[in-house]
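As written, the chains take the letters A, B, C, D and E, and residue 1 is the first residue of each chain.
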Amino acid sequence: MKIVVAFIVVLVLAALPYAGIQYAGMSTVFGIIIPYAAVAVFILGVVYRIVKWARSPVPFRIPTTCGQEKSLPWIKQNKLDNPSGTAGVLGRMALEILCFRSLFRNTRTELREGPRLSYASSVWLWLAAIAFHWSFLIILIRHFRLFSQPVPHFINVVENIDGFLQIGVPTLYITDILLLAAVLYLFIRRVVLPQVRYISLVADYVPLLLIFGIGLTGVLMRYFFRVNVIGVKELVMGLIAFKPHVPADIGTLFFIHLFLIATLFAYFPFSKLMHLGGVFLSPTRNLANNNRMVRHINPWNYPVHVHTYAEYEDEFRDKMKAVGLPVEKE
Amino acid sequence: MYNSGKIITGLVLFLGVVTMPFWFNIGKADVKPDPSLDTPVIRQMKVKHCIESKQFMIDNHMELLNAWRNAVVRNNKTIYVSTAGQYFTMSLEDTCFHCHSNEKQFCDQCHTYANIQPYCWECHVKPVEEAANGHR
Amino acid sequence: MDIDKRKFLKLVGVSGALWVGSRLAGGLSSVFNIRDRFDKQALADAGYEVGTMVPDPGELKAKQWAMAIDVRQFKTPEDYTRCIQACDKIHNIPDITTQQDIKWIWEEPYSAAFPEQHNQYMEAALKSTPILLLCNQCEFPPCVRVCPTGATFKRQDGIVMMDYHRCIGCRYCMAACPYGSRSFNFKDPRPYIKKIDPAYPTRTKGVVEKCDFCAERLDQGLMPACVEASKGALIFGDLRDPDSDVRKVLSTNFSIRRKPELGTQPNVFYIL
Amino acid sequence: MAEELKKEELVKIQYKPPKKDWMDTPVKFRHGTYIYPAKAKNLQYLDLPNPREWSPVDEDWKLPENWKEIVLNGMKERLDKYRSFKVFMDICVRCGACADKCHFYIGGGDPKNMPVLRAELIRSVYRGNFTAAGKILGRINGARDLTKDVIKEWFSYFYQCTECRRCSVFCPYGIDTAEITMMGRELLTLLGVNVNWILEPAANCYRTGNHLGIQPHALMDMFEMMLDDIKDRTGIKIEPTFNRKGAEILFITPSADFFAEPGMYTCMGYLMLFHELGLDYTWSTYASEGGNFGLFTSHEMIKRLNAKMYAEAKRLGVKWILGGECGHMWRVVHQYMDTLNGPADFLQEPVSPVTGTKFENAKSTKMVHIAEFTADLIKNKKIKLDPGRNDKLRITFHDSCNPARAMGIFEEPRYIIKNVCNNFFEMPENTTREQTFCCGGGAGLGTDEMMETRMRGGMPRANAVQYVHEKYGVNRLSCMCAIDRATLTTLMEYWVPDVKVTGIHELVANALVMNGEKERIVDIRGEPLKDEKGENHV
Amino acid sequence: MIEKAFYGSKKYWIWVAFLLAFLGVCFHFYLLQLREGLTITGMSRNVSWGLYIAQFTYLVGVAASAVMLVIPYYLHHYKAFSRMMILGEFMAIAAVSMCMLFIFVDLGQPMRVMNVILYPQLHSVMFWDMSVLSGYLVLNLLIGWTTLEAERKDAPPPSWVKPLIYLSVVWAISIHTVTAFLYAGLPGRPYWLSAIMAARFLAGAFCSGPAILLLLVFFVQKFVKYRVGDEAIKALSKIVAYAMSANVFFLLLEIFTAFYSRIPDDMNAFRYLFVGLDGHTALVPAMWVSAGLSIVSLALLIPPQFRDNTKLLTIALVSLVVATWIDKGFSLIAAGFVPNPFDRVSVYLPTFPEVMIALGVYTIGLLILTILWKVALSVKEKSIA
């Protein structure tokens, strides 16, 4: 049911620009107004969300320690999984953000006869996640060719490596295939694994389908139904120069692609996609485990009622004296 | 806001990256591609028309060329019957470049703009740009 | 129908159908001043459908092209170089002097061209007689058998053809060819081409090439360049046609082929 | 007791979640799977709201009139106070990496024990009340209303989480269910929805200084017994001091070690070791508890109970504090104490008086873990050890969750064990170190009325022990946590009856060659050092 | 399990860093080749295959040799190989990977490599070679990884592995047979045109592969606690002895056929290799070294008392590997093009960049082997702790 809802949502999203461009001639709306609005919502929304998180303090230093702490000098510290200083934290965060370190650790629990439990490492989720995120990033970088004039050289380098295998005309990009395959895997996994399906919300299926839709329309435009790429670039360059105009005859497929992207951008700050920012702010990962070395300050630390020694001695003085324990007041 | 130093740095970086397209192009002239049709051969044409419609050629020239080369090399078919019923030798050099003898002013205009780097020229010879070609 | 609808039609139809939009072109009465050699009237008579790719009605057709080389007619060095240069020039053959050279048609002394046919007591002059060599366009070509991509293949008319766009440069065909007729572009050939003929592509580095009996000329109704240049010393025609020149000359002269024992059935014959 | 539960029944675990959506599946309370509610007197003693008599199986939990407002205000307050809570509410992508990492899920199969879903229990309320998308889209966006059923669900599942942080290790964003559970328990505390097994020790600790409510004179009796036993087994009479001003070191350990087996043997180990070293240290009756059940109640309660440590250290004028083997005590000491009750500027940076080693890693908190202390002694060869005395034991080591994942102390205990015994075997990978499994009774769940849940939750740990028991003949499970020593004992009795539980300093005590000791023929438990055949077990 | 490759001793990391650094140097030469073309190699119009294809051929043998462990262990339940199996299977994976890379670096247009799959030509042996090699890679990865994982979990391997193992036996034979067919089916290359080619290849594979495996095991055992067991070493060296005998025997058969028949084309390649042809003697010293080392290895391998002595065995194995490498990993390809179709001798010697690129591929192979063996040995050492 949730899956059906998600499908409908994405189909409707794809149908909107089709109808708008095809029948209502709303190219200004879909080509200028919505992209501007989406980018504005994206930027302001992300900043708003980050600032909102930042307004809550981190009262305690609670890193999850996944290795030996800094201890006696002859005991080897695991500086990346249990960092004690800034360098280690940067290393840990880099591993986490660039290599998905924690996900790489993933295991699959199996219960066999006996009973006997075993935990085999399971890298498929990690593999799909890393293929997905890196492909997405590289594709984004490649799109910079439509956002710059002249196109910087490193874009060519990325394009050449990505399109190294000269398959088809125009050359197939490996990341295009990887992205679609990875998103498909992540979606199928969510549908097929009973546990994951049980925890999944509509809000989990929608982004996957949305991104798949974006990838698919992109691939269709590149390899099957050519759109006017010069027009696309003119539109984009006009937008970023704040002299927007929509060239004629770009192709409806492009507007579907653009609208899905705009939706993703606008949806981003209000969804779980904010894990992009959140991963930097997770107190279990971005803090050094130097708790006993450096005092951590809690800005809202407040005095509390305690049971003082005086109160304690008052209650038990006689008993203490009876067994010869020293007391403050005789 | 807490940890404001780090968070503001992060936000500035984020804003820098996402707004890069905006400031990357500041002060750069927006040179739109302007494929020139001004070649001696085209000048002589009474009705200036490519082998297929302009839009079709813009969208599909590479597929057309690909189909052509398969037909010529693998099926010894050498003639293309256009949708208008015209006949053309399927040859990049003999047909395309015959009119479009101004690679820089024609092909490269869009290719450079859209950052498309075809590897045609590794084998096929760019038309010799005669002085009279394409200069307006 | 606007451009987008047409594109969606393509989705519904076959993706290869590039030329669906038949309503695209308007009246077009211009005269194209293209270097076309084909017979427009013949084409018009054939009534081809629009958007198709068709053979030239004037193409030279054969069931199996073959060449007889009348070695007797080659008297001066100029007789050889004329043929070789005619080929080199129109095909943009680079002039590389190392062992990584490119050859389509070239000469070798008899003893090298027919190593199994020579003996130490044979006439010294014959031993060193230059023989023109080129791809034998075998009937059972080992190079085609081994090619992993179909980059080299046999055409209907028997020509062993190279598709330079598809060749991956594995050089298996070179190992398979018993005649040394294949060359590999170890490097970019362009710097070694004296004058590039823009009408014919050069090759890119990393692909194999060889003589293809000027297939592109045959398709336009022209004889191979070397044959044209040979002044009758190279006889070219359809081996399956009893009335062809090549059959005539073979039936009246003693001819040999290179390495016939390998069963490749070369289609280049030598008349000594 | 545990025997009523048939193992064969228990291991028939259905991992496939039910067809019905989890939001439509209200919680059912069944004996053995919930803890009795906190008694009114304990709430009153700790000034906690809504003291009353009630039971989870009741329809009416006698919540305050404005319970909803209390919870929502409490949530808002905590969202503003804890970035962890706020971020963890927002960024979960429900990838499911954590799903099969929770011991309660592995041992029970209840989908709401998947960490992600445990968090969703509160996240759904967060979405429904604190996010625009949730307010507008409602259930499509995974939002739901706060109802009394939700409170019941929270009670059930936040008291089925041992806050062990194993899920956090695997989460790509480091989402720590323990943080969420702690928030959930704080919110429940606002309504007076508490469990007695946590609040009673907390109240005791508040009053008498220790969980068991042992008053000072009774405490002395217990020590007397232990000292007699030591004399009996080693021939040495030890005379420790209590509440002594001017001592160099204050030693604090969980009070559970004072009276119950096998913790008591660990405590005897401390006494023997310190005596052998001639350490200038003192015990305290006021700060006679290392543990801190505030951790299982609220951050405020952590602070209230923990305050005694520094207060007592200050009153006695010691230089630094040494802490015994304990799990959650060390989570509090390591992560919270300095922040909540510091700075401890009246103490000095800890230096081992025996070896002169500076404990750089404790220079601010000024509290050293006994494993660090002892490992340093062994490394510097300051104590004489005869590991052969432990030869009848085949030992494995259980990393306790809190020292493992909230501190990262892995090598020290292993170093000590390897030096005091000859037969040490690691449990399988993915069940040790940062991936260690909880005993099933941490975070205040170690009570007998929860037995079924405990045995299920402890199953992964027990299963790993069983593996090394069968493969290497392991017969002793060592650990450095007082809760472990209590709960693992029950767990082993149920799953792997041949394996007994031990603290590390019990093993040290066995191996420790003491000046002037008599020939040791029994170990610290009073059992023969060698088995019947008079041979060392191989 | 792959995470085990990330936890290692200092020595392990130094080794990995060294491999990566060296790989970086080699990659530079590959970039040069990409830019300049294969002109930077010593190959030519007449000798159009060289070092790369020769290494490919040799390594197919190394890959196939895993079957020498698989057959005794799985078909005859020879348990002594149990501690060696995974090492052999993982070595096969590294070897096949190198094979594919050697083909890749040999291509003039590597970016078009997918054409082999996009336009499959069923009549091309190379298409089949590509298919069997990829299949073999997948088979070994599946079998090796699954059985190792099962061992780590202390569980029996899943039932679907068994049929795959039997399949892998046939498959291993097939990869080297098909590779032999690459050469044996070409007209006009008399040195290769031999029905016994596949048999020679297999014999050469079954001695050189296990020999390399044993040498690697000896080397690695210096750094790890894991031991494959004396019985396994003895049994495998016996296999090496038999296979090397067959290998030399087959070579002698070829020489007999060529020289007794006195067919010049058949003799010329051997003449070129062993005495020189038309004054070209570049390969002669190497061939005699190969012959000499073959004799040394046989002399040390055949008598059991020598073979069972680790030192002598090591010498024998090193001799054998060098001898077979010269034979199959170099001269086989170079001599196949001699004489050329014009009855001339074209000398081929690899150039420095060519050697560096080949070493680069070997480095990648070593890296794969290092990682796979690291994983395997970590698991094995844990499970027997």
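One rule holds in what follows: a contact is a pair of C-beta atoms (placed from the backbone, for glycine too) under 8 Å apart; a residue touches a chain by one contact, two chains touch by 3 or more.
Owing to the predicted nature of the structure, the values given are computational and were not obtained by experimental measurement.
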## Note on the structure
Min route length, chain touch network, subunit B to subunit E, equals 2
## Note on the structure
Per mean C-alpha coordinates, the chain lying farthest from subunit E is D
## Note on the structure
At the largest C-alpha centroid distance from subunit C we find chain D
### Query
Counting C-beta pairs in contact, which chain pair ranks first?
A-D
## Note on the structure
By C-alpha centres, the chain nearest the middle of everything shown is A
### Message
I'd like to verify one number: the distance from the centre of subunit A to the centre of subunit C, where each centre is the average of its C-alpha atoms, in whole angstrom.
### Response
58
### Message
What's the distance between the Cα centroids of subunit A and subunit D, rounded to whole Å?
### Response
33
#### Entry: Separation of mean Cα positions, subunit D and subunit C [Å, integer]
84
### Query
Among the residues of subunit E, which ones contact at least 2 other chains?
112-113, 118, 152, 154
#### Entry: For subunit A, residues that touch 2 or more chains besides their own
54-58, 105, 116, 118-119, 121, 166, 226-227, 249, 277, 281
## Note on the structure
subunit C touches at least 2 other chains through residues 3, 204
### Query
How about subunit E: which of its residues touch subunit A in the complex?
1-3, 111-114, 118, 149, 152-155
## Note on the structure
Listed in rising order, subunit B residues that touch subunit A in their complex are 1-4, 7, 10-11, 14-15, 18-22, 24-25, 28, 30-33, 55, 58-60, 62-63, 66, 110, 112-117, 119
### Summary
Within the complex, subunit C is touched by subunit E residues 36-39, 41, 43-46, 48-49, 103, 106-110, 112-113, 115-116, 118-119, 121, 123-127, 130, 182-183, 185-189, 336-337, 339-344, 346
### Message
So in the complex, the part of subunit C that touches subunit E is made up of which residues?
### Response
98-101, 103, 108, 111-113, 115, 142, 145-151, 166-172, 174-180, 183-188, 204-208, 259, 262-264
### Message
Under the definition above, what is the set of subunit C residues touching subunit B in their complex?
### Response
3, 16, 18-19, 21-22, 24-26, 28-38, 40, 43, 48-56, 59, 92, 153, 155-157, 161, 163-165, 196-204, 215-216, 218-220
